[in-house]
Amino acid sequence: MANLAKFRRNRFASVLVLFFALAVVSIGFSGVNKLVTPAAAKIGSEESLVDKGSALFAEGCSSCHGLNGQGTSDGPTLAGVGAASVHFQVSTGRMPMAAPGAQVMRKAPSYNEEETLALAAYVATFGPGPAIPSEEQVNEWQNASVSEGGELFRTNCAQCHNFAGSGGALTNGKYAPSLGQATPLQIYEAMITGPQSMPIFSDETLTPESKAAIIRYIQELNKSENPGGMDLGRLGPVTEGLVLWVVGLGVLIIFAVWIGARVR
Amino acid sequence: MTNKFDINNTFDPDNENQAPKVSKEVATKLPTPAKGVDHYLRRTDTDPKAAKRAERQVAAFFGASSLFTLIFVVSFFAIPRETKIAVSLIGVTSAQNIVLGTSFGLAILFIGIGAIHWAKKLMPDVEMVQERKEMKPADEVQQEALDAFRVGATESGVGQRKLIRRSLLGALALFPLPFVVMLRDLGPAPKGELRKTAWQEDLHIVTDITYEKIRPEDIPVGNLISAMPENILEIQEEEGNLNERGKSAILLVRMRPEDIKSQQGPDWDYQGIVAYSKICTHVGCPIALYEQRTHHLLCPCHQSTFDLADSGQPIFGPAARRLPQLAITVDEEGYLVARQGFQEPIGPSFWERGA
Amino acid sequence: MSNTTVNKKTPAAYNYVDSRVGFSAALKRNMRKVFPDHWSFMLGEIALYSFLILLLTGTFLTLWYKPSMTEVIYNGSYIPLKGIPMSEAYASTLEISFDVRGGMLLRQIHHWAALFFIAAMVVHLLRVFFTGAYRKPREFNWLLGIALLTLGLLAGFSGYSLPDDLLSGVGLKIASGIIQALPVVGTWALYFLFGGEFPGTEVISRLYSIHILLLPGAILALVTAHLLLVWTQKHTQYPGPGRTEKNVVGYPLLPVYTAKAGGFFFIVFGVTTLLGALVTINPIWLYGPYTPDQVTAGSQPDWYIGFLEGSLRVMPAIEFNIFNTWTFSPNVLIPALILPGLMFALMGAYPFLESWITGDKREHNLLDRPRNAPTRTALGTMSLSFYILLWIGGGNDIIATTFNLSINAITWFMRVALIAVPPLVFIATRRICLGLQRNDLDKLLHGKETGRILRLPEGGFVEVHEPVSEAELPKLLARETYPVWELPQKVDANGIKTPKYRRQLMKAKLSAWWTKGDLPIPTMKEIQSGQHHAHEALEQAHEFGVEPGKEEIVTSTNH
């Protein structure tokens, strides 16, 4: 273990990690997130990934999105949504969709990570769109400032996802989901692709450093440290009031009944 | 009420001094044990062992209380402030808070439980009766009191000496005036500040928190930016408060130009990028719950909903007025700037606001 | 008790003080003062004790809290906020929470106690209302109670705002928006409260002096008056054996009541402290410092402001422009000011309205059972349903996300329900009350159902009734009816106009409405024959070998 830890700090380690990341991540690209042309995605071993994705797509997605992702009455076109969007939707289990509704819910994913990447690689060939951010880019949060992240979170995220990322209501039954289960990669992808009602926060207007800080803050929130005791879902005064009336006053009234009751 | 067994409980409104509810009077005269209604002997009354046991229980509660107080004092000094512990149902929490709180809470609670256990088990539980008097004193007493007052009032001469009475009333009426007058300096006179914001022609639009200038090509369709005027920090510094931040906050969103149904002025957008005030026109919460597909903007406070594709018109909730739009364009370097200030007051209504 | 030997010697210390203060007469009168014992009489005590807890913990909090809006850079021990600019007020609240040992506990006890204080006042008010305890001679105490509730709400809101966190700041912004909407004086009022525009740099220190000096002082004074009146008027009691309008049955101040009330103080304090230790309240460190351009989803006030939040949310968008010069905002003024004003005014006026309708000007020391005043009870539940609907409306976003509903649908439902539900509740409650009355009457006239079916020799079946117990009889008898005022003639026989005709007409109509459906009061003879009949039926049952009831009940009726 100690050796491994030492190795992690070796300067070749990062190269190795990068290599590994490149092998896993469907689209060969690094650096700042740019729109990737379908041609660029098709290099080397990517081709087999795309083929695999094509097969999976025909089987699992084409009934709604059309054989070539052109969209049908049951599902929108996927031209130009980009690999990041596919990876977000499939890895959070939102796609394939269980049932139509005001909003697609998070559930256990139907595809494993490799299949998801294959699907993403295939859909990326439909048209240019945001690519899956590199592992480096995502892991940058470990070096980011948590307090700066908090400020950015409160300015850009808290209005929908609530002060602690517990989620909140939008119009007509839609909602901003809780961030408790979201991985750093998924958070990053959500910000650059704007799934469902969520607006996009492009890398130019909310820089990768800012995104890293936001992810850092969300990780801090997800540690669920509650210095004051039970957090009541971190929903604010509504649940506090509920606890007061049901538990607090309930207990006191039970005591009052005990005090007033006759002893035999 | 001739027949005392006739309990016609219809209250007679003509008889002001009617005796209190007859039925309840009668109720007491029904066969009841003479005293100590419904009284049972407790085990602690009959069994000395039970009484002794209760005594020990009470003492145990008080003893436990002392113990917990000591635990509080010891842990106050013994547990470092930053120690964390994992507790089921709570998660990771402050060891100090939870230990201090539970020990203190139990110390207090056990005093209470002990005292009540004592009262219930060992103190006499025979109910006692006490007579009430009507609140209204006897007529003679009332008369005596009034007489005393009248004598005093007459001796003072306040009734006859009108000059004194009136001048005194005048003085007393005026005496609080200085206090009222001094309240004047609670705040400055309004000078139309509610109508003004920092926005003006050619002022750069910068992102909030990071304060970067923005190029339109960096904003994809569906993008949301919380933005500020470029000089916001200087204004804050100068004014020493956050007032301007509460007025100049705007939202920038980009939609496809063909999605824009209407705007508050001709071509106030820049290639589908529109800028609206972030301050709700209802009671002034900042709103940024933007749904990029519907272009609806929802206020988290009272759920007023505005359509940013349609001049920021309110479409749901209590807000009655549209969100003011800021006309924008780009400068020669290609950064987004305001074309002019807001053309109407931002935020909630106020009386002098007008149309 | 009787065989305890009492030491007759006057202790020297007692004599020393009494010679200078002379309190023996007062002590003699009050040491054994009788207090009736019932759990529902302790709800007000919870409020009183919470107030004491608030004074105690609040005093501690002032030792560290800094009521200043001066901007500082946080450098305390809560890492996620390090280096962030914030007001001194917020920074010092973080200091209390994370750097003062036991400070977090104090803050949380204080906040929980504040929620308890107002909640206990509300349930106490409901108890007083539904039992008719506000009737003569206690009308002033009712008014004092309503004043205390109002002050409690203000104290709560002013305290909630002091940490200057994002959530309370948004609350303060809403308050400023409401003030600003006032006709004519709005802008001036805003500038006077905030020392200029919102948020300015004054409001926290002003709220602080209101919160720690003005309001607690006023509450303390009114609580004292409230208790003094309870003391001199003596507590009300429920009807029961041996209890009349002219006596009070219960336990003496010393020892039982002292032990119970004193013990209950420690229980309330203990439970509040345990909540403070185990359950987070107002996690200001998660909300972040207030800046007027940030907001969080689920922006809510504490529960007691929830009904106002709800009324603001369900109010449709109505705003007028007068001559294009002035803006008048019913969409803010009706839900935020007129509605609560009306609610409190109606509450305050209620005892006087009721006694005007019924014409009842007598002293009442025995409480009504809610069923015996059906119209009052129905008015109470009706108002309560209105309040609860507003309350639910105030949390519609949390309800929407918890139960997968649409906030728009909930808001529309509330708009309809606020008008439709209270009248239905009124009708249903009155019917339930009358049904319960009928049940009581049945017990009086035919005895109590035992559930034992008896087969008669002729082959028929009857249910055995047993006489009502002595403990229950006074409760059943404690019902009275009020007369319906006659409809006045516009002009009398001599052609003279009836003075105050309209008022009399209204009173007559209201009293008819008030007493609608009232059951007749049985005469004692009817009751006696009914109980006797039940007794006979029971004896008959014995003859047939049916399992007898409780011996003491059977033997105690109708000698």
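Each chain carries a letter (A, B and C) given by its place in the written order, and its residues are counted from 1.
The working rule: a contact is a pair of C-beta atoms (placed from the backbone, for glycine too) under 8 Å apart; a residue touches a chain by one contact, two chains touch by 3 or more.
Because the structure is a prediction, the values reported are computed rather than measured.
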item: Result of counting contacting C-beta pairs for A-C and B-C, higher pair; value: B-C
item: Label of the chain whose CA centroid is most distant from the centroid of subunit C; value: A
item: Most central chain, judged by mean C-alpha position against the global CA mean; value: B
item: Interchain centroid distance [CA atoms averaged], subunit A/subunit B, Å; value: 36
item: Subunit B-subunit C separation of Cα centroids, rounded to whole Å; value: 17
item: Distance from the mean Cα position of subunit C to that of subunit A, given in whole angstrom; value: 46
item: Two or more partner chains touched - positions in subunit A; value: 148, 151, 155, 159-160, 168, 170-171, 176, 226-231, 259
item: Set of subunit B residues in contact with two or more other chains; value: 90, 94, 97-98, 101, 116, 125, 208, 226, 286-289, 300, 303, 316
item: Multi-chain contact sites of subunit C, meaning residues that touch two or more partners; value: 37, 98, 104, 108, 260, 263-264, 267-268, 271-272, 276-278, 293-299, 396-397, 407-408
item: Complex interface listing, subunit C residues touching subunit A; value: 37-43, 46, 79-84, 97-98, 104, 108, 112, 115-116, 119-120, 123, 166-167, 260, 263-264, 267-268, 271-272, 275-283, 285-288, 293-303, 306, 395-398, 400-401, 404-409
item: Subunit C-touching residues of subunit A, taken from the complex the two chains share; value: 102, 145-148, 150-151, 154-155, 158-164, 166-173, 175-176, 217, 220-221, 226-232, 234-241, 243-245, 247-249, 251-253, 255-257, 259-261
item: Complex contacts: residues of subunit B adjacent to subunit C; value: 5-13, 16, 18, 20-21, 23-28, 30-32, 35, 37-38, 76, 81-82, 90, 94, 96-98, 100-102, 104-116, 118-119, 123-125, 127-132, 134-135, 183, 186-190, 193-194, 208, 226, 228, 240-243, 245-247, 249, 278, 282-289, 300-304, 314, 316-321, 347-355
item: Residues of subunit A defined as touching subunit B within the complex; value: 148, 151-152, 155-156, 159-160, 168, 170-171, 174, 176, 194, 196-202, 204-207, 210, 223-231, 258-259, 262-264
item: Footprint of subunit A on subunit B - complex, ascending; value: 40, 42-44, 84, 89-94, 97-98, 101, 116, 120-121, 125, 207-210, 212, 214-215, 218-226, 253, 286-294, 296, 298, 300, 303, 305, 316
